[in-house]
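Please go over the structures that come below.
There are two complexes below, and they share subunit A, which is joined by subunit B in the first and by subunit C in the second.
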Partner chain A sequence: MKALMSIGALVGVVGLLLLVGMIFDVIPSNTVRLVEGYMPFQMLLEFTCYVAGFAGLSYMASSIGMAIPRFWQGIGFWAFVLLYLKFRVYPPIPFSVRAMYGTVSLVAVFMWVSANEEDWKEFKRPIMNVLDASSGTNKLLRYAYLILLPIIIGGFSFNAMVPKSEEPIELRTVHPAPPASTKVHGKTFVLQTSQNPYRVNPEGKYDQEFTNANIVEQGMGRLMKPNANPWDEKNEGYLKYVREGGEIFFQNCHFCHGDNLNGRGLHAFAFNPIPANFTDPGTIAQLQETFIFWRVSKGGIGLPNEGFPWASVMPPWEQHLTVDEIWKVVLFEYWHTGYYPRTWD
Partner chain B sequence: MGRVTRKNLFSIMALCAMVGLLLLPIVMALPSPATGEEAPTADGAKKDGDKVEKGRDVYYKTEGIVVGAPAPKTMDGPRDYPRYNFESRVLLWFANQQHLYYGSFVLAVPIFCMVIEFMGVMTKDKALAKRYDQLAYDFIKISLTAYSLTAILGGILIFTFLTLYPAFFGYLSSIFRPVMHIYALMFVAESGTLYVYYYGWDKMKEGFLKWIHLSMSVILNVIGTLLMMLANSWIGFMMSPAGVDEQGRFLGNIWHVIHTALWNPLNVHRLLGNMAFGGGVVAAYAAYKFLASKTDEDRAHYDWMGYIAMALGVAFLIPLPFAGYWLMREVYAYRQQMGITLMGGLLAWLFIIQATMIGILFLSTNYYLWQAMGRMRGAEKYQRYIKYLVFLLACGYLVFITPHTMVMTPAELKAMGGQQHPVLGNYGVMSAKNGGINVIITTTVLSFVWYMRGNKVSTVSWAKFGNIFMGVFFACAYINIIWLAIYGYYIPANVRVGLSVPQVATTLSCLFFMFALNSVMMKGAKQMGPIEWGKISVRSQYALIMLATAFTWMMGLMGYIRSSVRLFWHVNEIMRDNSPWAYTHTTGFAANMISFNVLFFWLSILFVFWLGSLAAKKAPVEAKAGVPGSVPQPAGSH
Partner chain C sequence: MMNSVTRKAGVVAATAFGVILVSGSIEGSLFAQEKLPEGFKKGDLAPEPAAEMIEAGKRVYFTKCVWCHGVDGAGDGPGADRLWPRPRNFNQGTFKIRHTASGELPLFDAKKPIPGQNDLFETVTHGLPGSAMPPWEGILTEEQRLQVLSFVTTQLVKDRKFTDKQSESQTILQLAELKPKAATDESKKRGSELIVEKKCIECHGVEGRGDGNAFNLKDDWGFPIQPADFHKCWNFRGSRQDPYNVGNIFRTFSTGVNGTPMPSFADNTTVDERWDIANFVNSLCERDTVGNPLPIDPLTDKPKINFVVPSNLVEGEIPADMENEAWQKAPKRYVAMGGQITHKPRNFVNRIDDIWVRSLYNDKSVVYLLEWDDRTKSVAEGKLPWAPMQVNIEIKEQDPKTGEEGSIAANQNKYAIYNDAIAIETAVKWKELPAPIKPRFLFGTNDQFPVDIVKWEADGSIRAFLGTGWDKDFIERDTYEENLKVLKGEWKNGRWYVMIQRPLGNKKDQDYEEDTFFEVGQYIPTVFFAWDGHNGDAGRKMAVSAFYYTFLNPPIPRETYIYPVVIAFGVVLLEGWVLTRRANKKKGKTL
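Right, the complex of A and B next:
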């Protein structure tokens, strides 16, 4: 047990040193890289390691007679969560999300330190000591709080009320509900039932499973499946359509959406927000092909009322591409990212 | 003997009368199923020759003879939308929400009474049986005053509809005319049954008469549930109309109008929601009484009452997310647009708030259970592991509430380099959220298991093996849930939706198998000490109040979301809302309005509690018989 806790303590110390380095900008946040494709699990895993490390540190401190008071354990852990979110995770997390996480972790800390009566008493003791002014130092602290707390709260209030010239927060609806149907080049497409005419098997029939089996491997590297190279001139059917979609993509779309389809094209950073990142599991992977068809056809100008604040400069591609070309581009986007279009069956 | 026979006879007659009341609306509805007139038949149609017009059902796609008028095309003005100098929609919202709160409460509490009374009848321990009986009586007593308020609020709601939305209500009542009459008759039946059930409590407390009394509670609940289902048919019709043609003309089949695409999931979701809500309100009542108690005896009684109410509420809270999931699935199946508006579009932020509230419910429950372990000697052995449960809960909760679309300033958006955060954005999708909520529920089950064995040590010969098995089972459950959440990112969406089944199955396996195994292991277990009812921290009681407030807030929120998803339709795609208020409120306004409704409900129910306490002061001393310390363990706890 002691050996296990020693390892935990070592992990805790190393982790803390790294975090302190990141806070003071001695060590860049990406020194320990967040690996693309595994980031969310990596973050949870790191967090778990920190908790295990703190448990080890606490155990070791107790065993050498230098137990950390419960009050400082609680406050310290909460401070750690706030600092970790602010300085470790990159790109920076918006304040609204950090505020949510901070509140939840504060509640979690409260639940931990007050889960039983002894812990709660121990946690409260320094607070009660100050309130009771049980010693000279505590008395001094009590006066300090009496003066400082109203000033701090007043400062926060002033800061909240003072007029600011910052751009207002936007509650953007990224995926507004699509219409039931859309008319492109005079033809009406019902979004719930329409299918990509080029998502076909060698017999020429619509076939999700066949096409899904020929998309690139997901994860790092995005490898092509063996014998499924769309740029092989001999390929016909689905893979040929993917190639044609790719050609249309690189002629029209990649300037903004990037040659890796990650929204970081040549012109991308002229816009805010930058174009959609198709490799993110929160974009096309969540949507039906017909949704993408509708968005590509109608562009930013065709966003419905719900799509506030309509922050999209994408052209309505129906003015430049044929229906077939749009379907092929959509096909290519799914092939390249390795995602499957959403279906409802 | 003669007196007892007469009592039996009267009781059986009362029971038969209740059954009669229950069947009366159905019998009355039989000769005239649709319009209150002779329903047109094919023969009738032939007689009228070509004058008969046929229409196609918008949902069932069947043909039927048009028997109703088209949905009115309303215009903004005093004819269709008479008003005060105030937003009519907000007035209606308030009236509706208050009626729903009370309605849910008075439908849920009799179900609790039935369960608790049944537990009392089945318990061999006479002292415990008496306590169960008294608890059931206390519950029904609380609901009785609330019942009158429900009826009054129902009246206010109808008057609000009639005076502020006459065209819409006229159309709805023209379609649901027979259903509305049946509803009114059911209400009469419910009232009659409730009063006989309540006032006959003392007279029917033993032997055969007790069974008659228990049967009355079953009938009472059947009527209550039917009432709820009929009311649900109206909102189901407004969201997913059926039984009418494209112009909204009724096609003569009342069952189609009732049995819309969303009716059944709404029924299940509302029934479970009402039960969880009812448990929360009673638990809050018990907490309030506990905090106000002056004696240890009272504290013990209300501690026990709060525990039972909480346990019942949580028992229905656990399946509630799954029922909600089914409802959403059906919404998507009915109209994809509606589903996206709810969960990915305009109303998605409200779902983040809902996730936050669900998390609060589970966190409060866990916290209460940990606090409750403090009144058991021997439960200390679990205390030091609670921090790990906190960690699991917090991680699950953080993932569960992470928004897909984050609120940020344009500067933050630019710094982030895209709309989706590459790390946290992944928590914003369904796969991660399913994992998050299942981790939370499984942890709650684990807390319950620890609570159930808090002051006991198993004496079965295979106890060690049983403990190891349980530990491994829970560990495997966590691994399976988390693994499936990760795996969900790598498979098609339709398969991913299906993955929720094994995740839910894992969670429910923990619930049922572990509870069953634990019960077997704890049979004849060595007691480390009694449960010292009343010796629980006051924080636990605030957790119960938090639980109830979160339930109330969430009900208000979900009601608003469900109603808002119709956007600018009174009846989806059939009758357009042309009032000046046919827009979706801002999230802030909606949150304030929900908070106001919650506050009003709690203030008014405090009044109800106070009225209840006035009656209690006059109650005979016998009612407080057999309390704590000596209190045998309630069946729900061990």
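Right, the complex of A and C next:
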């Protein structure tokens, strides 16, 4: 038990030092990077480590007779959660979301300190002591609070009221409802029944199973399967079209959507909304191939109002590409990200 | 086709000759070991990567890299022709960012992914900012990055061999052991003198904006190349996602950039002098008002963007002098610019990638001060073949595939020269449209939701247009133009300084249907467009920004001072109440 607790304490100290280092910019915040796609697990793991560390620390402290009072434990943990969310998580979480997490963890801390009558009393004691001014220091503290509180709150409200020029928050629907059908180059495509004509096996038959078996492997790097190289001259069917789609992608799309289809292309930094990240499980992995076909063909200008057609720089690709080229690009995007398109059933 | 083959042969022959020259000089240096340039040490060639690494690397290469670098690594993949700089041709073994002496192969060891000791690994990890090469960290594992490099260095570098002791050597800059010199004023001053003495300014320009000799420079493959702009350190190829780190500049200056006209200065400068130069060059990079580095967005490796352009109120005339206190105090915003690649003709390579905007207003007008780096002052000679309001003009966009000779990179400096220009586009009926709806960023939605465009061109003209859609020619507003004023329009040492004054608009006196009404304290959607005349930019071929907001800072209202005081007083009352209650309760207990 003791050994376990000391390991926990060690983890806690190291973790805290890391976090403090990151906050004060002593350690570059990318020392331990949160990896795209694995972030939730990584965060859960880190949090577990921290909780273990805190348990260990408080055990150690009490065993050497320097027990940390409940009051400071609660406040310390809450402060830790806030700092962790602010400084560790990247991309940064907006303040409103952090405020939500902060409230939830505050409630959790309260539940913890008020689990039974005794704990609650112990938690309250420092507050009561100050209120009653039971000792000289407490008396001093009480006067300090009396004077500082109104000043701080008044200052905050002044700050909140001073006219500021913060970017207005505009919430955009990333995947608006698609139309029932779309007309591209004079041909009408019904979204529910259309199929990608290039999702075919070497015999030229539509074959979802065959094509799904030849996409890149999931996992870090998303590399092609060893025997499914689209650049193999002998390819027929699916992989041949993947290569053709890739050529079109790297002549037209990568400027924004990036060489790894993660929305970090050459021009991406200048645009708002930022280009879609296809490697994110929330984009093409959640959508049907015909939805992508519609989005690619009609571009930003073809979006309904909730998709912000006025701000999107996504070209209506029917102006630049043929129907066949668009289907091939869609095929390539699923191949390169390793996702299966959703089907209608 | 024939032409291309002979040219390639020529390049190969020239490189072979270069290799002989280099090997010759190495033999020479073997005689005199002490003659190594200061700060360098002899190193050993790395061992050949394991066969499994090379095989595994092929898989990485054909998933991720082949699309730009090509099947044979000749930098001729499907994406190559629309890129400038073109993707690296690996065949000659010419790599830009190294710790090794000029002309030598870069450091690469498949077993040592250590920063400072593995140049190619760092290039793949951090990418090459300012080019299409992204950072692969977080996408490919460390192992995969080493694998793909094993494949590239052994299979695709064809004219040289990383393990050939006869022809290759490694003279390594000991950057980790050289302590950077403090960037004192004295050091920077000496650096500023040295860059003149060492002729840096001949290419990089007097102010270091990359505007000197920008037209005669070619890389080893004959493609036009431009000197770096010292003011945009985040675009330095060798910035390693750490643009304000002076060590990167010191390294590039010490080792040169292979394949480009940038030589190594190791032989004719001392380490001390190189730190002075690096400190000075580093000090030129854009900083905030108190001199701190700009915050860099780790997702884009460019300065963080604030989409609000605040405009301060001035009493009386708005000064036309940039040095005026009002302008010095006005917040300066970084506006990121991308190529217009939505509608034809698409601008795949925009040479203007940011502008800096400040704004002031008074009771009648609003003035924008726009500054942007443009290596070339372009004023069209003679009359342009189209009218100013024409948008649908005949300009060819780059074909997807034309081979090296027809690529953007090969034709960079051969465009007909048009006017440099800048335009500010604002939404006309921004208040009638329910937020967040705006007219479309590219020249408005339609007749119902148009935009107001004010365009300045390098010939000194300023015009007002109404834009009613991306493919509609502008509607010229002759009568409005007399209200516009160019307070400044100057190109100096690679930078344009343009000050444009326009009326605030007035709902009563002026036709609100046609121009923007700048209301104080409101977010007015604003888009910026920029054209580089030497890049063949005209019509829709241009650089565009996203939607920004012009915000005329209102004077602080009186309530702002009253309410906080009231609130603070309320808190005092509350405190009194709590304390009295507590005291009473205690009294009750003790009694």
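We take it that the second predicted complex is superposed on the first by the 334 of 345 C-alpha atoms of A that agree within 3 Å, B and C clash if a C-alpha of one lies under 4 Å from a C-alpha of the other, contacts with A are read in each partner's own complex, and residues count from 1 in each chain.
Quick note on the criterion: contacts are C-beta pairs under 8 Å (C-beta built on N, C-alpha and C of every residue); 3 or more make two chains touch, one makes a residue touch a chain.
As the structure is a prediction and not an experimental result, all values here were calculated from the model.
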Please indicate which partner A:G53 is in contact with in the superposed arrangement: first for subunit B, second for subunit C, both, or neither.
neither
Is A:A180 contacted by the first partner subunit B, the second partner subunit C, both or neither?
first
Considering only the touch criterion stated at the top, classify A:M161 as touching first (subunit B), second (subunit C), both, or neither.
second
Give one of first, second, both or neither to describe whether A:L146 is in contact with subunit B, with subunit C, with both, or with none.
second
Just subunit B (first), just subunit C (second), both, or neither: which does A:G74 touch?
neither
Please indicate which partner A:G15 is in contact with in the superposed arrangement: first for subunit B, second for subunit C, both, or neither.
neither
Partner chain(s) touched by A:Q192 [first = subunit B, second = subunit C, both, neither]:
first
Looking at A:E170, would you say it contacts subunit B, subunit C, both, or neither? Reply first, second, both or neither.
both
Figure out whether A:A270 sits in contact with subunit B (first) or subunit C (second), or with both, or with neither.
second
Which positions of subunit A sit in both the subunit B and the subunit C interface?
36, 91, 166-168, 170, 264, 272
The answer for subunit C against subunit A in the complex is residues 59-60, 62-64, 66-68, 71, 77-79, 81-82, 131-134, 136-141, 144, 297-302, 305-308, 310, 336-339, 341-344, 346, 348, 350, 353, 400-401, 435-442, 445, 470, 521, 523, 544-547, 549, 551, 553-554, 556-557, 559-561, 563-565, 567-569, 571-572, 575, 578-579, 582, 586
In the complex, subunit B residues that touch subunit A
332-333, 335-338, 340-341, 344-346, 348-349, 356, 359, 363, 366-367, 370-371, 373-374, 380, 383, 386-387, 390-391, 393-395, 397-399, 401-429, 432, 486, 489-494, 537, 539, 587
Contact set on subunit A toward subunit C in their complex
30, 33, 35-36, 90-91, 131-132, 145-146, 149-151, 153-155, 157-158, 161-163, 165-168, 170, 216, 220-224, 226, 229-231, 246-252, 254-256, 258-260, 262, 264-272, 299-301, 305, 308-311, 313-315, 319-320, 336
Which part of subunit A faces subunit B closely enough to touch in the complex?
34, 36, 39-41, 43-44, 47-48, 51, 89, 91-97, 100-101, 104-105, 107-108, 111-112, 114-117, 119-120, 166-180, 191-192, 208, 212, 218, 263-264, 272-274, 276-277, 280-283, 285-286, 288, 306, 340-345
